[in-house]
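For reference, the structure I am asking about is given below.
So that you can tell them apart, the chains are marked A, B, C and D in the order they are listed, and the count of residues begins at 1 in each.
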C-alpha cells in the first residue's frame, strides 16, 4: 500500500483527490493538512465524504508527511516551492498540483506569478506530469509538476498537429471555457452564484499564466517556437473545460487518422468520430479527455474541440495517474470511474 | 456472473443503471432493448459510456432477455405489466423501476395511472423494493417493484417516527423538491433549460401518483391509517431530491437517538448530527440517503430533512441494491461510489 | 421631482433600487453612499448601469443626504438605527430596507439580531411597509420599515385566511425557497456558484429572523396569537421566492372567492385561477406577487403557493411602492416593468 | 398609435416582442396569431403577461393583420416568405424576425435553408435591419429582414475593423457562445434542462446558417471578399450571446479610438474602456451591445469581445428599434429598459 499525504486539502482539488484516493485499491491515506482547519474532521468540512474518510486535518507542522511514500500538494501557488524540498530531501516523492514547478524558465515563472522562486534547483529536476506526452520521465520522477487544467485540454488537443508539424506554429488560438470550480473554493464576489450564474464572460485576455505553460509544452513537441493567443472564459457550470482550438494547415493530412493514431493506446484520451462535438458532461467526474477534429469547408483552418473535467483530468485525476506511473501500478488503477451523466 | 438485461435503456434511469452496472464486479450486460433506438450502439446515444459499453440496443422482440438471470425494466409505466410476466414465467427475476407493481391495491393503481392493469396476479406477488424497510422479503422475491424517487426519500425520512408511533399519523406533510432529471428524458417544453432554469414551481398539488405509494408504505409501518399532504416542486438542478417533512409529536422522545438507532446498521442511510442541514449534492451520484431531524423551538413539531439522488437511491442505485440482495451478494457490491462534490 | 438618496448602494438591493429609480419619472438621484467604494463611479461597479447612472459613490460622511426628500437604507442590519435618526430629525423621510425597524418589540429584535437597538424610540414610530396590508399608515409615515423578502411572500399568501379567521392560527407552516441573491453580495463560500449550483438545502431550521417578523404581522391581522413553523431553503436560481404555505381550515369557505375579493383592487398581487401553480419566473424583475390557493382532496388542509422576486416585491420594488405612497404618487409609478421571461 | 400584428407569437421571440411592445407608448397590439394556440389567451400561455396582455391568439386565417400598420413575423424560417407578400401588397409594413429575407443571394439561401424560396422578388426589396450599419435604408423600408442573433453580435463587433480596412479579411474567426433560449421554445431532448445544464458544447462546426449572413454583411462593409470561421457553442444560461472575435491587424491603428468613434452616436452600442471584459448579464433583457477591444501582448492579433441579449438586441428589441425607424419615432422609444442584474 502506498502511504499518501495531502498538503492543503480544503479546496476543490483536495476534496476531489480524496474522492479518487478513497476508492483507490493501493492507497492508504496517511495525513491531510490544513492550517485553517487543523483538528476539523475532513468529513465535517466535506459531508460528501462522511463514512468514507475518518481522518481529521492536521496542522502542517505536525503532520507525519515524511512517513508518506508520496505527498500531493493541493495548495495555492507558492507553497510547494517552500515545503516540498524538505520532503524530497527525505526521499518522499511529491506531486504538486499548483504551478510552482511547471515552468522551466524561472525568470518567466517569477514574472507571471509575481514572486521570487524559492527552489529553482528543483524546477530543473521536476517532470511535467502530462502522461500522454511525457510518460517515461514521469515513471522515475521524484517531483512531478501536475499540469494546469487549461494546459491539459489545450496541449492534448493540439499535440498531434504540432508534433506532426502540419500546422503553422504562429497564429494558434485557444478559445477556452471553464466551469466555475476552476476558480477554486475561495470566497470571492465574482464567483458567487448570483454573479456567475446565467452569465458568460472572458477574463485575462491581456495575459493569463497558463499561456506560457501551454507554449512551453507545445514548443517542446514542435521543436520550434510557438505563438498562441489564449482567451479563457468563465462558464456557468460547476465542472468542465471546453477548448476550441484553431490552427492553419500547412500541408495535406488525414486529420482523423492522425489523431486516432496518436492516441490509439491511450486509456484516457478518446478521439471522437469525424463530425462529433464533445460535451463537457461526457467526461464529468472522470479522468478523460475527449477530442474531435474538424476542418470546416475543407479549408486550411483546423478546429479542434477538446473537453476535460477540470478537477479530474485537469487536476486530481491526472495527479493520481501520475502517482500510478511513479509507483509502477497499472496507469488506470482507481481511475475507471464512468462519467456522471446527466 | 449475473447475466443482466435492461428493457428500455434510453432514459435517464437506463443510462444510470448502465453507469452502475459497468462497474459492478459480478455482472455481465447481456442485452439492452429499445424500440426506437434498435441497432444504435449504446455509447453513441450516451457518449459518457464510450469505451465502457460495447452493446447496441436490440429490438425488444429480438433481445435474448430470457437468457438473463435478472431483467431491469427502465420503461415508462404500463410496459412491465405486459412484458415482465413472460420472463417471470421462465424463471427470470425482474426488477421494475416503473410504477406497475408498486401499489398493492389494483383499483387504486388503475385510478392513479389511468389504465387497466394487465397482470394483477403479479401485483400480489411483487415485493416493494425498499431494502431498509423490507430487506428480507426482497432476498427471495422473483419480482421487485423498485420504489419511486419521492417515496424513497419520504419513507426513509418518516419511517422511524411512524414505526415508533411517536407522531400523529394524520396531518403529515411532505414538501418535496426534485431535480429536473426526475421528469425523464422526454422532450417537453416545461423541462427545457430556458423554462426550468432560474425558476421554481410546485406541480401536482391537487394530487400526485407518489402520494398513495408513500401512504401505503407508511401505513404498513404504522399499522394504522396515515394521512399525508404531498407537494412536489421542480427545482433547477439536474439531480437530487430534498424532502422537508413535517409531523406532530404525540409523546416525548429523543429524536436523534431514535433515528441513529433505527439506521445504525444501514450502509446507505446516514443520520446527520443534530442541527445539520443535508445538501442534495452531498449524495450526488451515490446510493445514499442523508437525514437530519429537527425540533424547532423544542415544540411538538418535528421537521425531518431527507436527501437522495433521484437517479441513484431514488432509482438505479436502489435497483442494483435490490439485485445484490436477490442474488446473495453483499448489499454494497458495486455501490460504493463516493458522491461527486462539487 | 423627489430628491432621492441611497445609503449603502453596493449590494443587490442597492443596484436593484437604482434600476428601478433610473426609470422612475418623478425621481432624481441625489446621492449614493458607500464606505468601501467612495469615489468609484456607480456604473463601474455595476456595468449594467453604464450610460444610465452618472453618479459616483460618496463617503457617507460627505454625502448631501439631508438635502434629500427621502433616503433609502440598503445597508446591513444595524446601520440605519444609527444613521437614520439624524436625517429623520431634519425632516428627511426614510425607508429602511434592512431589519432595524421591523419588529415592534425591541427585546425580541435584540434577541434575534444579537445587538442592542440604538433608537428604540423610532421603532415605535416606524410603519411596517407592506402596502397591501397597511397602506394608509404608510402614506403619512416618516419612517418606513420595508419588509423582508420571506415575510412579504408569506404574509401576502396567508393574509386572507388569517384575516377571515377561517384557519387554525396554530400549526401554520411556511416552507420557503429563495434564490441565492437573497443572501446578498457578500463573498462567502456557501453561496459560491460551485457550492450553490445544482444543489438544494434547508438552512436555519432551528430558527430564522424572519419568523418573528411574519408572526408579528399575521397576529396583527388575526387579532390573536399565531404559531408558525418557518423553514427556508436555498435554491439554485438568482432571483425568486416560492412560499408553500400550509394551514388547516376551521370552517367551510370558498377559498378562491376569498382570495380574489381580498386582492381585487391590488395592482401588485395577482390571484391565479384555481388549480394553478405560479412560477417564480412569472414575476422575475417585476413588482408582483402571484398567488394560487389549493385544497388537495377537498380536505381541511389548505395549500397556498405565493411567489415574488425577492429583490423587487421582496425589497427594492416594495420600497419604491412605499415611496410612491409617501409622496402621493400613483402607487404604480415607475413599477410597471413586465416580468422577464424566459 | 401604430397598430401592430404579430404572426407566430408562441415562441421566445414572440413573448419578448410582447414584453417590449406592452411598454411601448406608441403602439397598440391589434392581433397575435398562432395556428396551434388559436383561442388561447396570450396570458394563459405566458403567465408573465397576466394583467398586461388581454388578447387571445387568433388563427392566422382569421386575424385582422391587413388592418395593421406593421406586422412582425416571429415564425420559423420559411413562413414569412409565403405569408408576408399578401400583407406587403396591401401596404402593410413587415419586419421578419426569421431568416427568409436575410440573404441577398437566393441560391445561397436555398442551399442553407433547404427549401425553395417562395418570394425571391421580395428578397431583392428587403432591407437588412441592422440599424447601426444600415439605418437610412431601414427608415423607408417596407420589408425589413431582422438580423440573426449571432450575426448581430459578430457584425457589430467586427464592423469598425472591417470598415476601416485595418485587418486581413481572410482568417477572421468568430467563436460564439449562446444561451439556450437561442434554440427556441421547441421541445427537443438536447435543450432539456437535464441535458444542457452544467454542460458546454460546440455545434454546427461543419457549417451554420448564420455564417453566410455574417459574411454577406462584413463583405458589404469591407467592399471586398471576407473569409470567416464561425463556431457556435451552447452555454448553460437562458439569455445572452458572447462573441469572441479574432482578426489580424494589417496596419497600426488606435483600436480604442477607432471603436469609440465608430459608435459615438449609437444609443444601443456601448464601447467599454480598454482592458474590459463585458459580461452577458450586463445587457440582460436590454437592447444593448457592449464591446471591448483587446490586443494581447500588443501583437498583430486583435481580440474583440461583443455581448448582446439574443432575445433583445439579437431579436425582438432590434425589431422594435427597426419599427421605430420605419415610423419616424425616436429610435430609443420603448427600448430604454435597464439591464436586469443580478
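Simple rule for what comes next: contacts are C-beta pairs under 8 Å (C-beta built on N, C-alpha and C of every residue); 3 or more make two chains touch, one makes a residue touch a chain.
Remember, it's a predicted structure, so these values are computed and weren't measured experimentally.
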### Message
Please tell me whether B-C or A-C has the greater number of C-beta pairs in contact.
### Response
B-C
#### Entry: From chain C, the most remote chain by mean C-alpha position
A
### Summary
Here the gap between chain A and chain C, centre to centre from mean Cα coordinates and rounded to Å, is 45
### Task
Report the inter-chain centroid distance for chain C and chain D in whole angstrom, where each centroid is the mean of the CA atoms.
36
### Query
Can you give the whole-Å distance between the Cα centres of chain B and chain C?
39
### Task
Any chance you could list the residues of chain B touching two or more other chains?
12, 179, 181, 185, 194-195, 197-198, 236-239, 278-279, 281, 284, 342
#### Entry: chain B-facing residues of chain D, complex
12, 179-181, 183, 185-189, 191-198, 236-238
### Task
Sort out for me which residues of chain A touch chain B in the complex.
12, 15, 19, 22-23, 46-52, 181, 185, 197-198, 238-239, 270, 272, 278-279, 281-286, 290, 336-342
### Query
Of all residues in chain D, which touch chain A in the complex?
171, 173, 175, 177, 179, 194-195, 197-203, 205-207, 229, 231, 233, 235-240, 242, 244, 246, 248, 275, 277-281, 284, 294, 296-297, 299, 301, 303, 305, 307, 342
